[in-house]
Amino acid sequence: MHAPDGFLEPSVAVITAVVALVAVSAGVRYAGRELGDRQVPLAGVAAAFIFAAQMVNFPVAAGTTGHLLGGALAAVLLGPWVGMLVVSVVVIVQAVLFADGGLTALGYNTINMAIVTAFGGWAAFVLLRKLMPRTSAGVVGAGAVAAGISVVLSAAAFSIEWLFGASAPVAFDTVFGAMVGVHVLIGVGEAVITGLVLSAVMASRPDLVRGAAHLSDDELNATSRVGFRPFVIGSVCAAVVVGVVVSQFAASNPDGLERVAIDNGFEESATDHALSSSWFSDYATAGISNESVSLAVAGVSGLCITLLVGGGVVSASRSTRRRQTA
Amino acid sequence: MSGVHGSTVSRLFVPRDSRVHRLSPEAKLVAVVAVVVVIAMTPRRETAAFALYALGAWAIIATTKIGLLTYLKRLSVIIPFVMFALIVPFIGGGESVRVLGVSLSVDGLWATWNILAKAGLGATMSIALSATTPVPELLHGMTRLKVPRLLVAIIAFMLRYIDVLVEQLGRMRRSMLARGHDPRWLWQVKPIASSAGALFVRSYERGERVHQAMLARGYTGVMPTVSEQRASTKEWLAVLLCPFGAALVLTVAVV
Amino acid sequence: MSASSISVRELGFRYPGEHHDALRGLSIDVNSGERVAVLGPNGSGKTTFVMHLNGLLATQSGEVRIGDTPVVESNLVEIRRRVGAVFQDADDQLFMSSVREDVAFGPANLGVSGAELDELVERTLERVGAAGYADRNPHHLSGGEKRRVAIATVLSMDPDVLTFDEPTSGLDPAGRRELIDLLSSLTQTQLIVTHDLPLALQLCDRSVIVSDGRVVADGPTSELLANVELLAEHRLELPLGFDPSRL
């Protein structure tokens, strides 16, 4: 997910960089409002934690390992603004010091890994929390599923960026299908790990979990067991179903049409579509058969991402204001 | 997804006696960012430009005296995207060409080249920066470049405590191994995740104690200024040769 | 009452969310220049007490004075310059990226800068036996070195009073001796919270035992350490073979 330099076209790199810059500056300001003069040590140490947690090799299957992304976890633990800021700092440091992620890719890397995951994850968490029992386990369950969703959102966001700034002739639907499909599976791992980490923190210091701040002491102590094994099995099943559905979409880009495009020459098929507007990357839109479906998918995912991220921001600001007046 | 970093923070800096090491951090930062921007903007078909960039990169690698091996080791971080780049000609659309009996997308081949060249060069510049600039200096450089103090401070604290936390994680892992827990499957992940949770609590509590230590030494919410050394004009001129050179190459190539 | 004396009256404190008091009427007077060991079982309130001296914990009941200055919100800036607290875990105090920046942090907050600051840093590091450490990464220091640099970070503020929380824990024997030598060379009023009874005997003419949130014994260290029943009552024991009366 730490895309290198040149992965997306400069136009996208610039626009996303501006967006990320605005978000991070706002993050510093809001984090200051929430944490006061504790901001520097707490955000710093939290960022170190996320960095260290991302290094951990979590077993996935037969000895292969996966890694935590941590955006949703950071949001549930620290609140969406501080969470977003903390993961952004991790992404920036990884790019500048470890060459993990290009310097010119910082815009979209920050958006995908910090902003979308933290705010989108927080929004999903707040929604899910309403469906769950008002207990510690409810917070853990909501946080876990929100983490899984945040990973998928992140992949979708990247695919949409690809639509505008692809640097390779791979169609949007292929990228979307592959990215989202794979990340649904990665999301399962993220969900399981996030849930377990939240559970551990809730067991010793629930006051450190911002997502549990609404619970009273009695509610914190009440038990409602969410079985671990059924949860994992259920998530894997859900993931498989979603993954199959999504990859069907990618596969519906029939080889037949690609051959047609090739036979007629690349330039012709590019001018053939209704969308030869320079807004969309030629690569991403070239060779798309069901282009209206593609764009519908892009549009809907974009809308979902915007709604969730925006909702997350609004929810965050409202709860900050509520706490300030309390 | 993010891979495991070969070196944590304290092993990033490689002490050598080179011109690049002696340059001011703010000058290096600006130069690196400027060069990478120019490279990223270069159209991929300008192979001559890239050849010159590569020569420039070689010169930088040589001047930093760190050794090609270090660069190659640290460049391994871009491998996942190298993989993706290598697949593109096989799955890409558009005109194709037959190579060794396999049909490869021409545009895809250019895309592969584009990603590899830009990723490789960009990463090399980052590596040069972090290997020749100790962390405290880099942070001062950022402050002098007007990066908000608060943000620099957060980064500073993050870097200070990463090694501490990674060590703690290592100890937790070894104690698990010692008790026979060597997990291979996702459902065995519970103890590791619990350790991570415990680590968060300990880290947060440490953050609170650090805050108290800061208060005890007069902290009022604003980080104090430390040394104000500035980069000399000569340094700026010397270092900005790189991005200007690159921009010149780009202009000549495009025009 | 001179500037570096400590006066604590009936200090009471309860942590938020707890059901019992951590401090229950703790009173103590320490004269300028005195070195007092604070002994007692874990959980007795020793650290809680010490954190009141520089206002890290706001007084809930009772009163704390450093010299003539009461430790209240309005005096905190001055109090924190005059009281230097050395924490139990040096990594909590060495939070900057280099030793130089850590030692400079306090005085820089007080307005010292430029060449004067650099010189102060060098001087302080020499004072604690860490000359030449200025550009090192705190993470790479040994336990003993970290302790000494942590002391330097508060010493650079020119305090009148120093408090130490378990200064010898985790040190190897040579490191321990170096630390004791350093502490005995410092002239500030010192309060040393410690489980290291031989250290108490060597450095401090006077000791107090804090138990259950209040002072239960206060007197010459040699007398306290000779009273085996008193020690046992508060979970204190002398190391095997250590006989204070023989020293």
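Letters A, B and C mark the chains as written, and numbering starts fresh at 1 in each.
Keep in mind that, in the parts below, a contact is a pair of C-beta atoms (placed from the backbone, for glycine too) under 8 Å apart; a residue touches a chain by one contact, two chains touch by 3 or more.
Everything quoted here is computed from the prediction, not taken from an experiment.
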{"item": "Interface with the most contact pairs, given as the two chains involved", "value": "A-B"}
{"item": "Most central chain, Cα average position", "value": "B"}
{"item": "Approximate Å spacing (C-alpha centroids) for the pair chain B, chain C", "value": "42"}
{"item": "Distance between chain centroids, defined by C-alpha means - chain A, chain B (Å)", "value": "22"}
{"item": "Rounded Å distance between chain A and chain C, as computed from the means of their C-alpha atoms", "value": "47"}
{"item": "Chain B: positions in contact with at least two other chains", "value": "156-157, 159-161, 164, 206, 210, 214-215, 219-220"}
{"item": "Residue numbers of chain C (touch at least two other chains)", "value": "95"}
{"item": "Contacts with 2+ other chains: residues of chain A", "value": "41"}
{"item": "Contact footprint of chain A on chain B as seen in their complex", "value": "1-5, 9, 12, 32-33, 36-37, 39-41, 74-75, 77-78, 81, 85, 88, 91-96, 105, 107-108, 111-112, 114-115, 117-119, 121-127, 129-130, 138, 148, 150-151, 153-162, 164-166, 169, 183-190, 192-201, 203-208, 210-211, 214-215, 219-221, 223"}
{"item": "Complex contacts: residues of chain B adjacent to chain C", "value": "10, 135-136, 139, 156-157, 159-161, 163-164, 206, 209-210, 212-220, 224-228"}
{"item": "Of chain C, residues touching chain B in the complex", "value": "51, 54, 56, 77, 80-81, 84-85, 87, 89, 91-93, 95-98, 100-101, 104-106, 108-110, 113-114, 117-118, 137-140, 153-154, 157"}
{"item": "Residues of chain A defined as touching chain B within the complex", "value": "1-7, 10, 13, 24-25, 28, 32, 36-49, 51-63, 66-69, 77, 85, 89-90, 92-100, 102-104, 167-171, 174, 186, 188-189, 192-193, 196-201, 203-205, 208, 228-229, 232, 258, 261-262, 265-266, 283, 286-287"}
